[in-house]
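Note that chain A is present in both complexes that follow, paired respectively with chain B and with chain C.
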Partner chain A sequence: MIEKILSKKEFNDWLKELRKSFEMIGPKTQGEQIDFAPLAGDSAPELSFQNSRLSPKGFVQPASEKMFQFTVNPEDPEAHILKEILQETSSRLVVGIRPCDARAFNLVQLNFVNPDIQDPWWRQGRERLTLMGLGCSNPCSTCFCTSVGGGPFDGSGLDLLMFDLDQDYLIQACSENGEALLKAGPGKTSTEEDQKKAAQLKTKAEESIAAQVSTDHLKDQPLLGLFNAPFWDEVQFACINCGTCTYLCPTCWCFDIQDEVHGLEGIRMRNWDSCMYPLFTLHGSGHNPRGEKVQRVRQRFMHKLKYYVDKYENGVACVGCGRCVQFCPVNIDIRRVCQLMNDYKAN
Partner chain B sequence: MVDYTKEIQERAKRLLEDKKVDAVIGYRQGTVPMMNEPILVRETGKTDQLYWDSFCGVNLANYLTKRKERLAVVAKGCDSRNIIIHLQEGQIKREQLHIIGVPCLGMLDRRKVWAKLGDKEPLLVREEGDQLLVSGRGFEERLKKSDFLQDNCAICIHRNPVLYDELITDPVKEPQRTDRYEDVRTVEAMDSGARWEYFEKLIEPCIRCYACRNACPLCYCPTCFVDESRPQWVGKSLDPTDVRTFHYLRAFHCAGRCTDCGACERACPVGIKVRQFTKKLEKDVWELYQFEAGMVLEGRPPLDVFLPDDPEQFIK
Partner chain C sequence: MIIRPIRGGVVVENPYLPYPVRIDQVITETEDRNLKTFKFVFLNPEDEEKFAYHPGQFAELSIAGKGEIPIGIASSPTEKGFLLFTVNKTGLVTTFLHNMREGEIMGVRGPLGNWYPLDQMEGKNIVIVAGGFAFTTLRSTIVYLLNPANRSRFKDITVIYGARTPGMLIYKDELAAWEARDDIKVHITVDGTDDPDWKYNIGFVPAITEKKAPSSQDAFALVCGPPIMIKFTQPVLEKLGFSSERIIMSLENRMKCGIGLCGRCSVGPEFVCKDGPVFTLAKLNTLPKEY
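Right after this comes the complex of A and B.
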C-alpha cells in the first residue's frame, strides 16, 4: 500500500477537490461537543479533537431511519402495502474518523452482513462511506483500543490513515479504494524521514495508553459460569438503566422497528434501541425476560464480551473508545467489568 | 475541617457492626477523575470503599425506591429532600432508613472544568480546601472550587440535610435566599416565538437516552409514559414533536416535587440544560404556594391536594 506526504495546504485543497465526488462528513463543534456532521460549503473538518461525543455510527445506522411507506386509505387499492423508501446512495467521505470508530464498522458488519443475513439498509449505508481516518496522536486517558485488538494508528477499518506531522500529513492507504484515491491525489512519496516521524508518533501514542484490559480468558470462560457470576449484583447497583452507554457506543447496534401513521399515510422506521430499557425485551404477552435491572446490565456486557466472542470468534465487540467510561453518569466502567469477567473463577 | 470520607466510613462501619442496618448506600471513588460511583455496602470489611469529595452529584435517593431492607444512606441537602419526597410518596418507609447527613459545600461540575482546560485532559484532580488541583500531561492548574460549582449548587439555599439520623459534622452556613430564577425570568420575558426557539435549541442535541429521567429520584413510575406500548403515547424517533413531548411532560411530572438537585443535568451526555424546564415549574410552585419540595415530612405537596383557596381559577 502506498503512502504520501501532503502539506496541510495541499491536504485542504485536496479535500476541496474531493468534494466534487463526495459529500463531506467530518468533526464539527456542536454546542459543547464535537460530533461528525456533513460539512456544508467549504467548511473544513475540525481536526484538533480527541474524539467525538457520539460515535459516527449514525452515518450507517441512523438513530431513526425510514424504511417503508404505506397508506392506510381504505379507498386505495394499495392500502397497507409496504413500499421501500429508496436510500441515498451517493458517496460520502468521512474525514477524521478515529481508527477505533472505523474498526467498529468491521465488528458490527458481522451482524448485519453475513452469509445468513444481508441487511440492505446497513449495507447500503456502509457502502456509501469512504473512511479517511485520523490517527490518535493524543489518546484519551479512557482509551483502551490496544487492549481490544486495535490501536491509535490501526488502519484495519479505514481506507486512508492520516498521521499529523505538524506541518504535513503523512497519509497511508489502507484499502484498494483508499489507494486509488491517494494515487490520484496530490502530495509526494513519503521519505524515510517522514516515515520515521510517523512511526515515532505511533509508538508514542501506543505507549501513552495506560489502560490495560485483559480479554484473553473470555473465550474459555464457561458461558453459564459467567452468566451466574455473583459480581453482577455489585456491577449493576449504580446503573440507572439509561441509554447513554449504548447510544454513545460505536458497536451497539440494537434497534426497534416502529410504524407511525399520520392521517392516512404511514412510515415504517427503525430507531436505535437499548438493551438497558425494560421495553426492549417486553413481550406482547406482558412477560419480560429481562425485567430486572441486573439482567439488563449483564446482557450488555455479556453481549459485547462473551456472546459476540463465542459467536463470531472475532474478539470482543468493543473497540476501546472509552465513551461509555467517560459519560456513564454513574461511572460504570467497562474496563473494570471486563477484568472481572476475564479473571472470574467459578467455585 | 472534618475528613468527610473517614467520617462516612466510620459511621457506616458502626451501623453495620451494630446491625442497625443491612446495608449502606454511599459513593466510592470513581475510575475516572471527577466521577464517583454509587455503591451498596453490606459488609463491615468493605466500608473502606466509601468515599466523599465534591463530585458526589448523583442523588442517592434514587437508589432507595421500593427497597425492602434496612438501609443507611449518605445524604446531602438535596438527597435528604428527595428522601422526604420518597417518604411522602410511599416509596420507602422512615423506619427502614438511617440517614447519614452530609452538610454539603456544593458539588462541582466537571464540564466546567473541562471547558476551562480546553484541549488539556485532566488526569488527576485533587481538592485542597477551596482549591481544585488539576493536572495532566505537561500541566498543573490550581482552580478555585467556587468557580466550578454545578449551576444548581451555585444557587442552592439548602446545603444541610433537612432530615437525618446523624450528621457527620456541624451544619454548614446556609447561603441567603438569593435570586434563584434570573434565568427563568429571561425566558419568561421572551415573546412566544423566541421562547419556542429557545426551547427548540435547548433540546436539539437530545438522543433520547433518558439519562435525565433515570438519574432523577422523582422518576420511579413502574412504566414511564414514554415507555407505554399499549397504547403508545409518544413516538420513538428523534421527531421534534416526540422529543418535546418527552421533555415537557417529564418536567410537568416533576412540578412541585423537584428539589433542583441537578442530577438530570449532570447525567445528560450531550449537555442539555434540562433544569431550564423544571426551574420554571419550581418558580411557579414557589410563587403560587410558597412551597419548596421536600422541606417538611408532614403534610402533602401542593399538587397532591385540593384546597378551596387554590390560587388557580380553572380548578374551582
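Right after this comes the complex of A and C.
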C-alpha cells in the first residue's frame, strides 16, 4: 500500500477537489461538543480534537431511518400495502474518523451482512462511505483500543490513515479504494525522515495508553459460569439504566421498528433501541425475561464480551473508544468489568 | 434507488417487506373470544411459492400504521392456497387485528425461524404435548403428519392437549375428528368442567401425560404450552425416559426484526427468531433462562 506526504495546504486543496465526487462528513463543533456532521460549502473538518462525543455509526445506521411508506387512504387501491422507498446512494467521505470507530464498522458488519441474512439499509449505508481516518496522536485517558485488537494508528477499518506531522500529513492507503484515491491525489512519496516521524508518533501514542485490559480467557470461560457469576450484583448496583453507554457506543446496534401515521400517509421506521430499557424485552403477556436491572446490565456486557466472542470468533465487540467510561454518570467502567469477566474463576 | 440485499451476486427481496394478504376468514376459537384464527390469502399468487414453510416456523403479521407481531404458523405446508394464524388478543397490534374483518388488506412477512426437526423423526414415534393456545404450530405439525404423503414415514403419533375448560380448546372440530381416527391417539383434557356431557379427560396436562404414559422408546416429544405446564411436564417426560435431546420445545420472546438483527429476543448468544424458536431441552440447558 502506498503512502504520501501532503502539506496541510495541499491537503485542504485535495479535500476541495474530493468534494466533486463525495459528500463531505467530518468533525464539527456542535454546541460544546465535537460530533461528525456533513460539512456544507467549503467548511473544513475541525481536526484538532480528541474524539467526537457520539461515534459516527449514525452515518451507516441512523438513529432514526425510514424503511417503508404506505397510505391508509380507503380510496387508494394500494392502501395498507407497504412500499419500498428510494434511498440515497451518493458517495460520502468521512474525514477524521478515529481508527476505533472505523474498526467498529467491521465488528458490526458481522451482524448485518453475513451469509444468512443481509440488512439492505446497513449494507448500503456502509457502501456509501469512504473512511479517511485520523490517527490518534493524543489518546484520551479512557482509551483502551490497544487491549481489544486495535490501536491509535490501526488502519484495519479505514481506506486512508492520516498521521499529523505538524506541517504535513503523512497519509497511508489502507484499502484498494483508498490507494486509488491517494494515487490520483496530490503530494509526494514520503521520505525515510517522514516515515520515521510517523513511526515515532505511533509508538508515543501507543505507549501513552495506560489501560491494560485482558481478554484472553473470555473465550474459554463457561458461558453459564460467567452468567451466574456473583460480581454482576456489584457491577449493576449504581447503574441507573440511562442507556447513555448504548447510544454512544460504536458497536451497539440494537434497534426498534415503529409505524407512524399522519393523516392518511404513514411510514414504517426503525430507531436505535437499548438493552438497558425494560421495554426492550417486555412480552405482551407482561412477562419480562430481562425485567430486572441486573439482567439488563449483564446482557450488555455479556453480549459484547462473551456472546459475540463465542459466536463470531472475532474478538470482543468493543473497540476501546472509552466513551462509555467517560460519559457514564455513575462511573461504571467496562475495562474493570472486562477484567472481572476475564479473571473469573467459578468455585 | 430502491435498495435490496444482494446474495451471491443476485438481488433478493428486502427481508423486512411483508407480502400483501387479504383476510379471507375470521374464526372465533374460544368462549372468551380472546383467540381468533385468521385465514389469509396472498394478493399476489406468486408470493405463496416464495412463502415455502415448515411446521414450527412463524411469521410477522404486519398491519400498516400499527406494527408487526410474531405469530406461529398454524396452517400446514400441505394445505395450499391460504395461511392460518391463531392470535391471542393481548397488545396494540393483536387488539387491532381482532377488530379487522374479512376482506381487509394487511401483510405477512416470513416464513421466519427454524422448524420442528421432523426429518430426524422419520421412522420414530412422536408424542405431542400442548396446553392452551400454544397449540398452533403443533396443529400445523399434526396436519402435516396426517397427510397421506407423510403418515407412513412416521410410527405412532400421540397427542395430549389441554385447556382450562372445554370452551377454551382451540380447533375443536379438528380435535374431535382426530380423536375418532385410528392412526393417531388423541387425549383431550380440560382443567375442569361442569359439562355433564364432557366425554374426554379431566386433569392438568402433566397429570394426564403421566397417566397415559406414552412410551419414550424410539420417540421424540414436542412440547408447547404455558411456562407452568412446561415446568411440570418436563419431569414427567424425564421419568418416562425421554432424553433432553429428544424433548423439543418452542420458545417465545419479544421480537421486532424476526431475522436475528435487532437484538431483543436474544437468549445468550442465540436469537429465538433466527436460531429458534425450536430448541431441544438439551440446548436450552446450556443457555441462560432469559425467555
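Just so we're on the same page, the second predicted complex is superposed on the first by the 347 of 347 C-alpha atoms of A that agree within 3 Å, B and C clash if a C-alpha of one lies under 4 Å from a C-alpha of the other, contacts with A are read in each partner's own complex, and residues count from 1 in each chain.
The working rule: contacts are C-beta pairs under 8 Å (C-beta built on N, C-alpha and C of every residue); 3 or more make two chains touch, one makes a residue touch a chain.
Just so you know, these numbers come straight off a predicted model, no measurement behind them.
> Specify the outcome, clash or fit, for chain B and chain C once both structures are aligned onto chain A.
Taken together on chain A, chain C would fit alongside chain B, as the superposition shows.
> Regarding the shared-chain residue A:Leu282, is it in contact with chain B (first), chain C (second), both, or neither?
both
> Looking at A:Ala79 after the superposition, I want to know if it touches chain B, chain C, both of them or none. Which is it: first, second, both, neither?
In the superposed model, A:Ala79 contacts chain C only, not chain B.
> Is A:Cys254 touching the first partner chain B, the second partner chain C, both, or neither of them?
In the superposition, A:Cys254 contacts chain C only.
> Pick one for A:Leu47: touches chain B only (first), chain C only (second), both, or neither.
Touch partners of A:Leu47: none, neither chain B nor chain C.
> Which partner does A:Gly243 contact after superposing on A: first (chain B), second (chain C), both, neither?
Only chain B; A:Gly243 stays clear of chain C.
> Tell me which partner A:Lys311 touches in the superposition: chain B (first), chain C (second), both or neither.
A:Lys311: touches chain C, not chain B.
> Considering only C-alpha centres, what angle arises at chain A between the directions to chain B and chain C, nearest 10 degrees?
Angle at the centre of chain A: 90 degrees.
> With the two complexes superposed on chain A, say which partner A:Ile117 touches: chain B (first), chain C (second), both, or neither.
In the superposition, A:Ile117 contacts chain C only.
> Between chain B (first) and chain C (second), which does A:Leu223 come into contact with in this model arrangement: first, second, both, or neither?
After superposition on chain A, A:Leu223 lies in contact with chain C alone.
> Report for A:Arg290: first if it touches chain B alone, second if chain C alone, otherwise both or neither.
It touches chain C, and chain B stays clear.
> Which value, in Å, gives the least CA distance between chain B and chain C in the superposed three-chain arrangement?
The answer is 6 Å, the least C-alpha separation in the overlay.
> If you lay the two complexes on top of each other, which residues of chain A touch chain B in one and chain C in the other?
Touching chain B in the first complex and chain C in the second, residues 256, 258, 273, 282 of chain A appear in both lists.
> Which residues of chain A touch chain C in their complex?
67-68, 70, 72, 79-82, 84-87, 89, 111-112, 116-121, 123-124, 223-224, 227, 253-259, 261, 266, 268, 270, 273, 275, 280-285, 287, 289-290, 295, 299, 302-303, 306-308, 310-311
> Could you list, by residue number, the parts of chain C that touch chain A in their complex?
1-7, 12, 14-18, 20, 43, 62-69, 88, 90-91, 94, 104-107, 227, 252-254, 256-257, 259-269, 274, 286-291
> Going by the contact rule at the top, pick out the chain B residues touching chain A in the complex.
Chain B residues touching chain A: 30-32, 35-40, 58, 62-63, 111, 115, 119, 121, 123, 137, 204-205, 207-211, 213-215, 223, 227, 229, 235-239, 266-267, 269-271.
> So in the complex, which bits of chain A are touching chain B?
30-33, 48, 50, 53-54, 63-64, 140-142, 208, 234, 237-238, 240-244, 246-248, 256, 258, 260, 269, 271-274, 277-279, 282, 325-327, 329-333, 335-336
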